[in-house]
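These notes concern the structure reproduced below.
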Amino acid sequence: MTSNIILPILQLIVIVGFSPLVKGFINKIEARLQSRRGASIFQPYYNLVKLLQKDAVVSETSSWIFRATPYVTFVSILIISLIVPVLSVKVPLNFTGDIILIIYLFALARFFLVLSSLDTGSAFGGMGGSREMMVSSMAEPAMILSLFAVALTADSTNLSNITNTLLNDSILLLNPSLLLAFAALGVVIIAEAGRIPVDNPYTHLELTMIHEGMLLEFSGRYLALAEWASSMKLLVLLTILVNIFLPWGIADGLAFSGLIIAFALYVVKIGFFAFVIVIVEMSFAKLRLFRIPNLLGTAFILSILAIISLYVVR
Amino acid sequence: MAEHLFVISVLLYATGALLALCFFKWQKAGNFISLVFAAIASCFSITTAVILLSNGATVRLNFSLYHAIIKYNFLLDPVSSYFILAISSISFVAAIYSIGYTRLYINKRDTRFLGFLYNLFLVSMLLVVTANNALVFMIVWELMTIVSFFLVIYEHENPANMKAGFIYIIMAHIGSALLAVAFFIMFAHVGTWDFGFDDFRKVGGRMPEVYKNVVFFLVIIGFGIKAGIFPLHLWLPMAHPAAPTNVSMVMSGVMIKTAIYGFIRFYFEFLSPCPPWWGVVILIIGATSALLGILYALVEKDIKTLLAYSSIENNGLIIICIGLSMIFKSYNLIALSSLAMIAGLYHLVNHAVFKSLLFGCAGNVYYATHTKNIDDLGGLIKRMQITAPLFLVGVLSISAIPPLNGFVSEWFVFQSLLNGFTMPSVIIKIITIICGAVVALTGALVATCFVKAFGISFLAMPRTEHAKHAKEVPVVMYVSMGLLAVLCVFMGLFPAKIMMTVNHVNTHVLGIDIVNSLTSYDWLQMKIVRTNFTQLSPKSAFVFGLILLGITFGALTLIRPGFARKFYETWTCGRSPEPRLEYTATAFTRPFKTVFANLYRPQREVSMVYTVPKFFVKSISYVSEVSPIFEKYFYGPVSQFVLDISNKVRWVHTGSIHIYLTYIFITLIILIIFVGK
Amino acid sequence: MIILFLLIIPVVTASICVFIKKHHVSKYISIAGSFIALIYNIYLNYNIYTYHSILGFNNFFYVDALSILTTQIVTIVAFAAALYSAGYMEAELHDGVISEKKLQWYYFLFHMFIFTMLLVCVINNLGVMWVAIEGTTLATTFLVGFYNKKQHQEAAWKYIILCSVGITLALFGIILTYHSAKGVLEEVGYALNWSDLRAVADKFEPHLMKLAFLFVLVGYGTKAGLAPMHTWLPDAHSQAPSPISALFSGVLINCSMYGIIRYHILTSKCVGSEYSCTLLMIFGLVSVIVSIPFILIQKDYKRLLAFSSVEHIGFVALGIGFGGMYSVYGAVLHTFNHAVAKALLFFCAGNIFLKYKTTEMENVKGIIKTLPVTGTILAIGVLAITGTPPFNIFVSEFLVLAGGFASGNPFIITFSSVLIVCITLIFIGFIYNMYRMIFGTPTMDIPKGETSKFTTAAMLFLLFFVMIISFYVPPLLREVLRDIYDIIRNVQ
Amino acid sequence: MTQQIIVNSRAIDILAVLMLITTIILIGTSRLKTCIWVYAFRSFALTLVSGLIASFSGIHHIYITTAISLALKVIVIPGFLFHIVRKINIKKGQESLINYTFSLLLACGIILIAFYSTQNVIQFENTFMRHCLPIALSITLLGFFVMIIRKQAIAQILGLITMEDGMFFAALSTSYGMPLIVELGLFFDIMVSVIIMGIYVYRIKESFNTLDTDFLKELKE
């Protein structure tokens, strides 16, 4: 009974609470590697707090869709964060759905973001929206296929089961298909989270921007929610990656000690992947828009190979 | 009981049709009455279907009335009843909707024929899915085609509509000719002389392999034309927009589904057992149609054409499921076959609902603005405050966004595709998985397509005067659409209820009842189907979503109690925002045109007029066309060929009596030399 | 005797009509006459229904199911045509195209034409049947050239020359038959009587009968419009006044087909059905194929209808040739269906002509606006004539083709498959050409409104039959059809 | 008795050959009046044949037909045709579609075909039909041939009635003529059709002011 109370709260705390931190961490490392001092690692929190205390300026051409969007986005990511296993293989909303639901909840968030970007009637928003849709529609098949590769390996599309299976006989992790799937999923996550080389989260140049372009008209609370949602999205994606491919140490119950260890390891893993992302962003330039399909196409091919090799291995 | 209800409803449709003709003077009244009759009749048939599906019963209707040699007989088994349910629920809504929509035509055009044909159209679909005899089936099938043809060319002054009508009826007729051949071939093996489907059920499976394959392909093409599979889709995106919206609603929503009905009848009853490769063919066809359909929808600017193309895509999805089900069945994995079938039938009814909803709302937009071009719209959400959210619901559910119904069927599709890897042959495994990828890509493109459709036409500022002066439509129109929207939500939240009904169909067709293993309460669990275990509960997801929303909102209000919004114009780099600055539909899908350039073959010309000296651009004209490759490389040449041949032959009639006499003479000589001996 | 009465009716009507100057009198008389004939024929039909065959007038007349069906068609279409010509000629008179003087002759020839056709069907003696068929030609030549302009004279000339030639050839076949019958039958006077020939046909000299059948097929085939002897047909049909064209397409070619069928029976009894069936099939298929290009590309709507007649008579020949029970059943039903539907279409064409004063399709648009009733009926008729479900011709075509496929003979199955392709092409041509006329907006401004109540009545009368057969074949007709099948199968 | 039959059949054979020759002359000559004369002559020969047959077969109604054919074919029809020719005074000879030598060659071919096609029909016959049936058939086909090659309307009428002569001859030679009623019908038909054609010849002459049927090409595809 307690588990039904504790676990959700725990997961919400982890995802909601720590997602800005991840963002700050990435920025900090990046600044360091660019030999800048960089902003404090807690800067994202300051921004959020500030924004949350402000009123909002809303475009007069926009409609209720524009105002509803931040909530929808935020909440859909929240639900996802309750479906993915974070610290324990036991997942609070396990019965509500599986990876397919997760993918389509992301779609829900995206859907409304793009609508809101069109709603303001500014060309920037439309541009960002259309590019976002293109990137995501390229990314989605790769994502689904790579997740399917995993699902087929673990005989389930349900994340907690997947994690559980892979945790119990880790030998499954050692087959080539999972490695391929891992690679594909990595690329997809970079695309979905809007990082270099697919998108540049730091600028508002209409040439480069995708995700930021959609947030252009948001302000105050709305902006806060949108930003927060995007950082949560990043963390959730990383969590999925981590808990599927490196499930070791994740608690298989609700024992306090187990959770502590799981949390420690979780932080380490996330930190590692954040670092990887930084490295990638440091070592690549942003791709031209019409080069992105090639990159994602590669990911798609990888995921297909993952599944085919799965058949071959079996 | 049920059969009486069915007959009553058919009779009611008929009376409605006739009454429509009877009112010469008072068009309005006649129209109203006929449509009301249609609505009542569809209520009756809905009840019929519900009664039959509640206990999975099978009812035969054998009339002792002789058609030339055979008696009229109909069969209401669960399959039929399921389709009856889908058809007549849409008919009900459509009838109510039409009461409002037909005001466009009253006293401008002859609405008597509209009412007449409309009733006939609805009833013919009912008869198609119940006919139990080849002759009767052909008759009602073609009746459906012809009536819908007349409805397509209802506004026949417009040459484009006539062209659409021609292409429609010609292709449809070719299709039914092929179907007739299929029936003949099977009939030749039956021996008895009442072209009953029951005989086909007995004999079809035992036909020689060659004939079975021939029939298989005949049926693919014959029904495929109706289903609008690529490359036989040509008529669909022309005819559906040409028809009045209340008609195209029904055409897109349910008429093209009768083809699916045909597939089920043939491949699961007449011709079964089928070899696996049949299923694979169907699967590939479905995948192609799905992908190409949505790709063409994506770059469409005319909203009704866009919806028509998306119907092709959705039919493709359903056909994928049918194909999967066939493959599973041929490998004797009945449970999985049944799963795929559930996915297909579920998506069928879903698509019927949300596509009608979308068409209806498009009709509302047309009613209010008299334009179908998305780029001329915009800002309607402020002017049509009820239509907009309804359209949004439709858009969300067609893009399979949870918690709406589209998502559930999409989920089933993925699950059944995922189970493809239980099949023995590696090739088929890989094909299924690639289909999975195609479905995924399709899903993403659908989202894009409908974001465009909704965002460009309803949001931001109106782009033209049409849009600026739009008013909300009459009550019946959005009330009826509201019903559909509610259905979308309901079927999204409580899938188990629908499953129960679908299950009867499955148990009838495949003889296995997997629903209890599929679902407990309304969590869908797939534990028993395979080791592959997963759960889905859209309802609870939705509930938790609401809770979380509440929490978020509460927290935010705690942080800043007096939250206020200032309204200010959009920042457009300093100048005041105009409609001209908005992103258009063309621009929105421009990246896709570049990415899929091989398919679209876009022809772009940009011509600039410069001032002299040529420093400044005076005007830019930009034309971007997507070239229709199927017309260009397939249909055009074929028809041209036929016409050339016949032109060459026509010199035979030279007009000279001597030549004519010579024909007779030569014929005679040849005969008495070669035959007379 | 009762048969003789059937023949007397039109003769009397004709001879009354020729003396009456005033059209508004004579039209009623001709209508009445043809109506009586129709009713009387139904009565005869019941007799056949009970007795199966009637010999009369010391074996001069012989009526069985086959002939009664044909006479039924004749009388039905004749009544409709009489109704229609009342309205049509009224209008022509009003436009001053023709004089009342000519109308006397019109009605005279009209009823003589009907008389000859009835004679063809009820006569027992094959020789006299030949005379009667030649008689139809003679009676109608002036009707073809009725308007007596250049093209009408040309059509008439071609008509009489080609048909007479054909018929003369048929005579040779009859002579041969007579010769071979004389060897078998002791009573020489009856040696051309169908009722006697049928009994002893199997004793004939096979070579003789083969040759005879060839000549009869080519000869009567010319009159029936089987390709490649059909060349007179489009000219005559397009130039004759519409009611006459209706009679041509509807019943005249059926009468000639009737003659062919009689010979088919004799021959197949003598040399086995293979021979004549094959010939019929080949000619039928050729006719169907030949008609396609002219239907696909056509400028003149009456010619279009004429070519469709070629197609349909070919279809009937094919059905007879297929020979299976339901093929024959369907083929004979097809003669009826085609007669009513094609006559209906020619009536529509007549109304269009009166309205638009042209037979060029380009100049005819928006019929549904200018002639609402005609337009609607034409739309239905086109669907019917192209064998589209649910209309009557579909039923017969379905039966014929089903029989063909079920026959199991690869030759026949190939024919049926080709046939389906042809039918589809013809459908395309028809729909494309006709619906461009029916719909759209009229090019010139033409007053709205139907021609006259007579024409509308005539069309509705025929439409009634079309619709009835579409959904329900009355038992009387069904029994007649079964009888005919037995006759053709030579079941005594 | 047999003697007489032989004599008769010889006579009939001779007449038959005569008729055949006249028909070939019909093809060979260009002057219309000659053609009509030739036709009249052949009809006379035909009448002789029927008279002979009537005499030795002793079937009475053949006398009647003989009389009728004498009246009709030898007197009335040629007279009528001459009348027409005089009315619409046709001076110049009628031209044909193909030149004479070639048409004569074709005529020979046609005769061959006639013999060839009837040979296995007549092989069992023992009467004079053996020789007459092929000749009758070739007369018919030649008449047909005349209609094809001659542009002249009247020539076509001639061709048609030539065909009918062939028919009569066939009927007589094979089976002593048809039953009376049929014969009467035939005569009636021939008369009426010739009259009708005559009328149309007038009309065509006055509206096309030519009798060259090759000009009748209004109606075509």
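Should a chain be cited, it is by its letter among A, B, C and D, assigned in written order, with residues numbered from 1 in that chain.
Please note the rule applied: contacts are C-beta pairs under 8 Å (C-beta built on N, C-alpha and C of every residue); 3 or more make two chains touch, one makes a residue touch a chain.
For clarity, every value in this text was computed on a predicted model and none was experimentally measured.
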item: Each chain counted as touching chain B and chain D at once; value: C
item: Innermost chain by mean C-alpha position; value: B
item: Of B-C and C-D, pair with higher C-beta contact tally; value: B-C
item: Separation of mean Cα positions, chain D and chain C [Å, integer]; value: 31
item: Chain B-chain C separation of Cα centroids, rounded to whole Å; value: 44
item: Chain A and chain D: spacing of chain centres that average the CA atoms, whole Å; value: 103
item: Separation of chain A from chain C, taking each centre as the mean of its C-alpha atoms, in whole Å; value: 79
item: Of all residues in chain D, the ones touching two or more other chains; value: 117, 120, 144, 147, 156, 213, 216, 218-219, 221
item: Contacts with two or more other chains, residues of chain C listed in rising order; value: 157-158, 161, 165, 169, 207, 211, 234, 294
item: Interchain pairs in contact, sorted by label; value: A-B, B-C, B-D, C-D
item: Partner chain C, residues of chain D touching it in the complex; value: 117-118, 120-121, 124, 129, 137, 140, 144, 147, 153, 156, 160, 163-164, 166-167, 170-171, 174-175, 178-179, 181-182, 185-186, 188-189, 192-193, 196-197, 200, 203-204, 207-208, 213, 216, 218-219, 221
item: Residue ranges of chain B in contact with chain A within the complex; value: 379, 381-382, 392, 396, 399-402, 407, 410-411, 414-415, 418, 421, 426, 429-430, 433-434, 436-438, 440-441, 443-445, 447-448, 451, 454-456, 459-461, 523, 530-538, 540-541, 544-545, 548-549, 552-553, 556, 559-560, 563-572, 577, 579, 581-583, 587-592, 594-595
item: Complex contact set, residues of chain D against chain B; value: 97, 110, 113, 116-117, 120, 141, 144-145, 147-149, 151, 156, 213-214, 216-221
item: Residue ranges of chain B in contact with chain D within the complex; value: 650-658, 661-662, 664-665, 668-669, 672-673, 676-677
item: Contact set on chain A toward chain B in their complex; value: 52-65, 67, 71, 74-76, 78-79, 82, 93-98, 100-101, 104-105, 107-108, 110-111, 114-115, 118-123, 125-127, 129-131, 133-134, 136-138, 140-141, 143-145, 148, 151-152, 155-158, 161, 216-217, 220-221, 225, 289-290, 293, 300, 303-304, 307-308, 310-311
